[in-house]
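Presented sequentially are two complexes of chain A, the first with chain B as partner and the second with chain C.
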Partner chain A sequence: MDESEPQLLKQGAEARVYICKYLGRDTVIKERFQKKYRHPDLDVEIVKERIRNEARSILRCKFANIRTPALYLVDFERRKIYMEYLATNITVKDFIAKHGTANEHFEKIAKTIGETLRKLHDNNIVHGDLTTSNMLLIPKLQAGAEQIDPAWLAKGHVELVMIDFGLSYTDASIEDKGVDLYVLERALLSTHSNYEDLFAIILKAYVVSNPKGNANETIKRFEEVRARGRKRTMVG
Partner chain B sequence: MVLAIGFEGSANKLGVGIVRDGQIIANCRRTYITPPGQGFLPRETAEHHQQKVHEVLKEALDQSGITPDQIDVICYTKGPGMGAPLMVCAIVARTLSLMWKKPLLGINHCIGHIEMGRLITNAYNPTVLYVSGGNTQIIAYDRRRYRIFGETIDIAVGNCLDRFARVLKLSNEPSPGYNIEQAAKRGKKYLPLPYCVKGMDVSFSGILSLMETKIDELLKTYTPDDLCYSLQETVFAMLVEITERAMAHCGSDEVLIVGGVGCNVRLQEMMGVMCKERDARVFATDERFCIDNGVMIAWAGALAYSSGTRMDFSESYITQRYRTDDVEVTWRD
Partner chain C sequence: MVSPTPQVSSSSEVSPPKYQIVELDPDTKTKIKLYLFKNVQNVETIRDNIIQGVWECSAIKPRYIVDAFQVAVAANKAVLDEKRDAMVTRSVYSEILYNLSPTKNISQSLMKFGISKDTNILFCFLVTEERDTSTEIIPKIEGEMCSMKELFNFTSFEETKHVYKLNHMKEKCMERLLDLVVTKIATKSFVTH
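This part shows the complex of A and B:
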């Protein structure tokens, strides 16, 4: 048998995530089950698009050298994506909640987030759902080491993995990138309001990480999107 | 025990409400209704409030059976909302505060909606979907603030519905949203519309501009009922989706729907289906409490007052922009 009986791992923001063995590998199956609250035509359209986005962006990331779970299989019919299971992980959200900014690796991780976003955007990939729930930290094998150090997290031997590309798109415009940053800023402000400089560190790393490219236009657009939000009238 | 009176007039409703120790003893309201195809403008709305405020106040005092000397605190909506109508209630509240020699408290309108919803439904620590003519926000409480996890990046959902009702020249009586809801029940044919979710944020301007520019063409193949139905199905699906995203992100299993659009039964029903799929519970209220009213201001004021919040008379201004997360929540842990 190719596939062992799947076990439910999590019910995420839009999908159920199962783990199983598929062709001998530890695999995550992300199933975008039918949402009965929405019109079936709309549901089918949305799910098709999300699966397509997720698969396409994971492949794009691979070419751009951005770490995501490896893609194994796409099953449109059953609304499932099969991908690499990263068994040892902590979401950036949980990491910050547990270890806070006092952690000596905090700044390094924030910088990595900024650099990774810049890489995504330089490759015209917009994530579309940038929250700290959709960023995983996994152990990084150190040069010369045979296996993962059990104290990987405490020692800062981490690698950042972006997940959940359902709302992403490739061929992103400047506006899309600006909105992407805005969505992240707002998610950080609400989720990690006690770490005010988090977004500033990320944004700085975003700007400086590629001296060749030009992030000014995106930053300018991001500031415009933000200003629009502040100016919005709130009557009623 | 706190007895609070609240004045609300940030948009086209004028409300006076009285609460005693969490018991609603008066909830009186008038709505400024404009002709079909027209929205309400600040000056005319303020005039309406001015003309009605005495009779609504008198009605509220009669309904409650209290006398002014029993009141502990006078509350009014400080913002957000339209300047001129807000000003009417602020001035009335100030005058009464001097006349009756009672303390004055300016209240954030959005906080009023949230606390009203919690009072009526007994939801404990819900993810809040706040949907009205001027606001569309996903809110959750964390460390003394109601934090905004998601919101519209352009127009509010209620604004989208109201403006579409104007395109169709639907009546504004009792409200454009109510008439869209009734029409949608008769709709059958589903028109796919731009569906725009960005993380926990949404955008409605694309839908509205499509409807506004293509309306004549659309009416050749779809009835107005079909269009109302398609509009509701699309925008509500977006709202339910971002609510679910926020719940997953925050690990929450309760949803509270507040604000004028929140009394839409179809929205409540869709939210209920989503919640069932993830073992969560949905809480909502009816038009008496969902739609802008004075009780919500009185109750939020009573909570703030009991926990020690005071306001100096010199601070009794209004502000058209006043974010939900600007308020320190002194009455919750």
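This part shows the complex of A and C:
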């Protein structure tokens, strides 16, 4: 197989994701294709704005010490973002499906998720599509180690990477943050319905991880959003 | 061609190339070829020739270069922007220096990432099937050619961190630094800091 030939990894409603060699590295290419139902000029503007938002959020996360893929090229003309491919990874979704919550590292990982979300929100970044598929666990290189320990996952030597900032934006309001948490709760309920305490652990870590900041307002808003949502489903 | 530096081992062995090549975007059909030199004696000649456009190459200060990949990301954007008539500076070689820099001030960028009286120089050539200017220029560099593997000896972690304004970084990890630096380069045109 020709290595430079892009391989389709995922096809979504907004974008296609390929992997290929680019600048000598394994690279993920995210291409936002044209939506035929949109006016072409509007389509170009919307796509530009989304690409810009995605790249900006990814960069902002790095400044907040949140691991995200490195960006190699942001190409508005081709509607593509070229970024780092993390070869060794497991999504949090697959991790839970495979290992369950009885896993000794489960609670640590859930806490890390809560802390990471708090960092995200403290920096006014809203992810917009928080699901366990958009969270990757990758091996964390241990101090002094040259290579990845094959037992990285079993040993809990993991690092959390946030991906897919396609619906994200910066300068988020309290309402946005509340909704962000609500989206996650709904996603967890549908994907991991048998692990009820997962969201509770995440939310607790979210609250306590930064005692200096004030998460109360966001939590209050989240509860309002949740109540609204519930009402809506009851009526509908 | 460049005369290979003598090897300690038997003469039948071919010495490995000291330069490094990275292929850029397939549409550009261009590669970068990187050479690292130390104790360069004719810095002024090099500078003059580059500024006058006689020598087609970028002379980069290696102090803020963490990895060849960093130059590849900057050069890739420069070559694509040249193709699209979207360059900020006058030549693709100064565009590489500009892209490396985190600021949008052109003269500051060229001064920071280019060479002035530096004797350690990282040369970047854009090579295509038809054209490789390194073959004429490299023999005219009066200095000691080093392997690209030695680049890290010329890099200053702290200064690079400072130049790219990455003071939030806690751990001293080159990998993380490279991640941040290339992401900054890739987003420079539309992110203000």
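Basically, the second predicted complex is superposed on the first by the 215 of 236 C-alpha atoms of A that agree within 3 Å, B and C clash if a C-alpha of one lies under 4 Å from a C-alpha of the other, contacts with A are read in each partner's own complex, and residues count from 1 in each chain.
Keep this in mind: contacts are C-beta pairs under 8 Å (C-beta built on N, C-alpha and C of every residue); 3 or more make two chains touch, one makes a residue touch a chain.
All figures in this text were calculated on a predicted structure; none of them were measured in a lab.
Of the partners chain B and chain C, which touch A:128 in the superposed model: first, second, both, neither?
first
Could you look at A:193 and tell me whether it touches chain B, chain C, both or neither (first, second, both, neither)?
Touch partner of A:193: chain B, not chain C.
Between chain B and chain C, whom does A:87 touch in the aligned arrangement: first, second, both, or neither?
Touch status of A:87: no partner.
Looking at the overlay, what does A:39 touch: chain B (first), chain C (second), both, or neither?
first
So, A:228: does it touch chain B (first), chain C (second), both, or neither?
Only chain B is touched by A:228; chain C is not.
Quick one: name whichever of chain B and chain C touches more residues of chain A.
B
What is the contact status of A:11 with respect to chain B (first) and chain C (second): first, second, both, or neither?
Once the two structures are laid over each other on A, A:11 reaches chain B alone.
In the overlaid three-chain picture, which partner chain does A:183 touch, first (chain B) or second (chain C), both, or neither?
In the superposed model, A:183 contacts chain B only, not chain C.
How about chain A: which of its residues touch chain B in the complex?
11-14, 35-39, 41-42, 45-46, 93, 128-131, 133, 167, 179, 182-184, 186-187, 189-191, 193-194, 225, 228-230, 232-236
Could you pull out which chain B residues touch chain A in their complex?
10-12, 79-82, 132-135, 140, 142-143, 145, 147-156, 158-159, 190, 192, 195, 197-201, 233-234, 237, 240-241, 244-245, 248-250, 260, 269-271, 273-274, 277-278, 292, 320-322, 325
Could you list, by residue number, the parts of chain C that touch chain A in their complex?
Residue positions touching the partner: 22-26, 69, 72-73, 76-77, 80, 84, 168, 170, 178-180, 182-184, 186-187, 189-191.
Show me the residue ranges of chain A that touch chain C in the complex, using the header's touch definition.
Residue positions touching the partner: 4, 22-25, 52, 55-56, 58-59, 62-65, 70-75, 77, 82, 84.
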